[in-house]
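You will see chain A twice below: alongside chain B first, and alongside chain C after that.
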Partner chain A sequence: MKGFRWLVIVLFLLVTLVPFLWLILASFKTSSELFSAPFKLPEHWSWDNYRSVLESHPIPKYFFNSLILAVSSTILAVAIATLVSYAFMYKFKFKPGLLLLITFGIFIPTNAFLVPYYFIVNWIGLYDSLAGVALVYAGVSLPLSILIVKTYMESIQHEILEASFIDGASVHRTFFNVILPISYPGMTTASIFLMITAWNELLFANLLTQSEGTRTLQVAIRFFLSTFSANYPVAFAAMVIAVLPTILIYSLLSEKIIGGLTAGAVK
Partner chain B sequence: MTSRQIYWYLAPALLFTVVFFVFPILFVMYVDLHEWNGLGAMKFVGLDNFRFLFDDPSFKTATVNTIYWILAGIFLHTPLGLLLALILFKKPRGWKAFRLLFFLPNVISTTALAFLWYFVLHVSLGLVNNGLKVAGLTSWTHAWLSDPGTAVFANMVPFVLYVGFTMVIFLTQMSTISPDMYEAADIDGATSWQKDRYITIPLVKSAIGINIIFNTAFCLRMFEYPLLMTNGGPADSSLNLSLYIYREMITANRYGVSMAAGLVTILLGAVAMLLVFGVLRIGERRGLR
Partner chain C sequence: MTRKSKWLGAGASLVLAASLVLTGCGSKSGDAGSSPTGSASSSEASSGKEIDLTMLSSWSTDTERGKALKTIVDKFNQENAGKIKVSVDINPDWPSYQEKVKTMIAANQTPDLFNYNFNPNDLSRQQSGKLLDFTPYMDAEWKARFSEQDLQAMTVDGKLTSIPFEKAGILFYYNKELFTKAGIAEFPKTWDEFFQACDKLKAAGITPISLMTADDAWHTTNAFTYLAASIAGTSVFEPGKSLDTPEVAKAAEYLKKLFDNTTPDALGGNYSVSSNNFLTGNSAMIIDGPWLIGSIKEDMASKIGVAAAPTFGDGKVQPGFTVTDAYTPWAAGVQKDKNKEQAIVKFLKFMTSEESSKTFTLEGHILLSTKLNLSADEANKSGPVMGQYIQTNSKSPESIVNIVRTLKPGAISKLPSIIEKLALGKASPEEFAKELQAANQ
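Moving on, here comes the complex of A and B:
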């Protein structure tokens, strides 16, 4: 039993790590070395591939575009989700119907909305801008954010609202001073989901942007294969540079990221 | 405790829902009845776009492949995530580090993984084929991505193997199980498999449900692997619905056909979700034992 467990762990470690190590190794090779001896260590470790990538592509710029998109769309969606979740702590007309309306989107494969999203973003004049993509990301992920934040807020005792009103607080004050401070775990979970999804997204970023100034990391990676098709090791170097900052940030925050999921994923 | 002020808290969510879900659905249902290249006037053609779809062998392949993806998500990816979670839940030495490493692929993006596995499965310089050669299994080497028989399954390999997210959701729910249960089982002399089978798995039923739903939604939207690893080829054999919709819009400029395929995707998603919910509910009633 113990042997089987370790076998599974080692197999998963192999498929997770070996491809990355191989990629890093290959990024130091020359093209002919890569084809003649794919497993050998490079004959001399040279940074030439890395230099030619950094000279030809503004990868830090792509990285920041992705980061800005992930952060801004997440803040927007979580803010809206938190507001509406607060509203759902009260009784009002058409409540069940409204809840259905704002959460049915969870079950919609939004890749079906390619054409409408393209035109909506064009009509509001945000084509080829990060703001346009951020709006779409926030819109697409809103139903899931609402579900996560709302589920968390429902666990809050309703007596706390009444107590706050007895103390003479208004609806707005109660939100800012009482509900908001204790809703952070739900908001954090939603934020982690959304940040990872937005960071990973390719389809809409590719559809809604055009120029190099608005290109995200994922869109850029998509083009590595074609721009460096004559010289794979350079493409590998581009890839390493592109994912390195992510791995660095993750290695610093991994416990927070996974912990955030842990805080509220169980509903 | 009703107050008019509450509507201010509802308004932004309502606005976004109308803009990003209600309007798009109506738009899809309108455009799919028209012939349109995205620029000029729309021409009403009734159900012609749907007739086009059902006569198009590529659309049939795309639909079947999307169903394959969903099945892989439910029957391969989710159980592997559960297996890994069950193992790490026993807290073997170094389990925290393993958890972080297995989760890593989720943060470095599907696009990057697609790029990476394009090369891992590459016919001449790929890790898989060269590994097989070194192991003396040269006859097993294969043009994984360029054989129409294997391309769609080769696309799925990184998705099936990288189960970090699913695993973490399982581990999270496992951490809420009371240790008393296991102590009692130990006193009764239960084996570790029996503890998994009769305590852990039944108590993470809702995580199984959450994961199956997430993975079904993810597979229905899958875009990066088919686009980057095979571009839907060879001969459209690894096409899926996302890529079909994208291609009809961007490459073929048939916006009506693209959105007809979009409507089919939405309906397929609804059917898949109803089936998943139905099966989960039956499983719940039977207590999964």
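Moving on, here comes the complex of A and C:
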């Protein structure tokens, strides 16, 4: 049984790690090496591809833009999701219908709303600004954030709320001093999902930005894989740069993600 | 202040602070116009201020064509300093860029200037009523820069809403060294000779041709278009004609044969995989446009030959005929301000002038619809492969646009998987033709 467990672990590691290791190896190769011997080690380990990435385009600027977008849209969406989830801890009229309406957003394909999103962002004067993209990211990911945070809040004993009110705390004070501090695992889980999604997003970043000052890292990677020239090793180097933060976030906070996902599973 | 109003105050401050932070983060570096429609500059134009034109393009300055475009734009801006300023905003991903332009048109925010793949089966842009009609500006001098056939092709419902620009010929590139190694003296003139040459190459342990099936299956659809046109003439894919014909099925049969002569990674491989197979000497032939030349390494250039396609020698097509990429014209949004409209026309006239065309062809390796007289010396100076390309392409007596650029959008997305089914033997050539016709309905 133990042997089988290890076999599954090794197979899983092969499936998940090998493509990533191959990507890293390929980012050190030349184009001809990559296509003549895709699975061999590079003949000469050189940072040339990474140097090309950093010298040809202002990658640190794009990196910073992606970071700002990921962080600001996540803060906005999680803040709203937390407030909404707290409201759902109380009883009020049409609660089930409202919840259904809010979470129904998960099933709506975002591509169907490209034109309205573009029109609205342009109309409020936020086209080609990070603020416009952040608002769209926050809006698109709101149903999922609410679902995650609400699921976590549901696992909180209702007696805590009652005890807080008996001690004289108001609805707001109960939220800030009682519910918020114990909801952070749910909020962290939602934040991680949202940050990774925002970091990797390409469709809206492409649609709603235009100039160099607002370009994100994911859009910039396309510079190395355009229709008229595709330098894969250099593109792979750019991809490694782009993928590192998400791996870092996941590795550091994986326990919180699992904790947040399983919270509320057993009451 | 009551506790409630304190909370409200704190909430309001938080929202304000958040919006300030977001708006602050959104400040641009100022390298491009912010208004996609350019409406902000209309009042500037009438008050004599510099007119800002925003041009969307996918031509990154990492590419030869992007550098050539930058040279032309910089020169225009210099000549019109204080009057007109053209800013180029690059979106390097061509499919996303095309989608973005369509979205902008649908949202009534048509870009000042943009290029796109002309498809006679998808005239949504031209029929939107949001593209500038160049007919009133087409004076004799400007008209003389284009062929009548190209201007006619760009005219939809009596309006010339696009200016012919790029129309690249797709030719056969072959590795002369590998051909010699296989005992082939010259590039085959007929398809029978072509498949005999493939057998010789295979016997010498060389993969004859690079193909691909991912994305738009570009190199494969070039081959298929050449085969279909060789069998049925250059009108084989004209809009309205059925694709479920014995000729199309026959071309599919030959295409299937071609898959026996390609690399194992052709199935599922994309443009890069396919072109790199040729560029690294893994295959002996590829069918592609002039943009491939920019990726040929110096030590490889002397080994590369460029040739026109074989024919069946039955007169269905003239020897030397070419498959071309789609027309990639430039278009502009309808403008409220007449000065801005005139500025757009002035820039497009500059871009399609003899001098600019020379820069685009010799430095950017772009073959244009505009008329261009290049001396043999000038053509050769553009490099050994480009020289051969220009000479072969200029002799083309007739042409046909690649099938993937002429089908309806639904059929374009299905074609790669239909090709894969054919290559894997899951569909017969007749079924291939039937499925293609069904997808194109």
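Here is the rule we use: the second predicted complex is superposed on the first by the 171 of 267 C-alpha atoms of A that agree within 3 Å, B and C clash if a C-alpha of one lies under 4 Å from a C-alpha of the other, contacts with A are read in each partner's own complex, and residues count from 1 in each chain.
By our rule, a residue touches a chain if its C-beta (ideal position, glycine included) is under 8 Å from a C-beta of that chain, and two chains touch if they have at least 3 such contacts.
Please read these numbers as outputs of a predicted model, since none were measured by experiment.
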item: First (chain B), second (chain C), both or neither touched by A:L130; value: second
item: Touched partner set for A:S211, first chain B, second chain C, both or neither; value: second
item: Contacts of A:K91 with chain B and chain C, given as first, second, both or neither; value: first
item: First (chain B), second (chain C), both or neither touched by A:R222; value: both
item: Touching partner for A:S56 - first (chain B), second (chain C), both, neither; value: second
item: First, second, both or neither for A:N200, with chain B first and chain C second; value: first
item: Partner chain in contact with A:F113 - chain B first, chain C second, else both or neither; value: first
item: First, second, both or neither for A:V140, with chain B first and chain C second; value: first
item: Partner chain(s) touched by A:I68 [first = chain B, second = chain C, both, neither]; value: second
item: Most chain A residues touched (candidates chain B, chain C); value: B
item: Touching both chain B and chain C, residues of chain A; value: 34-35, 114-115, 118-119, 170, 172, 202-203, 207, 222, 224-225, 232
item: List of chain A residues in touch with chain B within their complex; value: 1, 5-6, 8-9, 12-13, 15-20, 22-23, 26, 34-35, 38-39, 79-81, 83-84, 86-87, 90-92, 98, 101-102, 104-120, 136, 138-140, 142-143, 146, 161-162, 165, 170-172, 175, 196, 199-200, 202-203, 207, 217-218, 221-222, 224-225, 232, 235-236, 239, 242-243, 246-247, 250, 254-255, 257-258, 261-262, 265-267
item: Touch list for chain B against partner chain A, complex; value: 1-3, 5-7, 9-10, 12-14, 16-17, 19-25, 27-28, 31, 38, 83-84, 87, 90, 92, 98-112, 115-120, 124-127, 130, 134, 161-163, 168-169, 171-173, 175-176, 191-193, 206-207, 210, 217, 220-221, 223-224, 227-228, 241-242, 245-246, 249-250, 255, 258-259, 261-263, 265-266, 269-270, 273
item: Chain C - residues contacting chain A, complex; value: 3, 7, 18-19, 21-23, 25-32, 34-36, 54, 56, 58-60, 62-65, 89, 91-94, 96-97, 99-100, 103-104, 106-109, 271-273, 275-277, 279-280, 282, 291, 294-295
item: Chain C partner contacts - residues on chain A that touch it in the complex; value: 31-32, 34-36, 56, 61, 68, 72, 75-76, 114-115, 118-119, 122, 126-132, 134-135, 170, 172, 202-203, 206-207, 210-214, 219, 222-230, 232
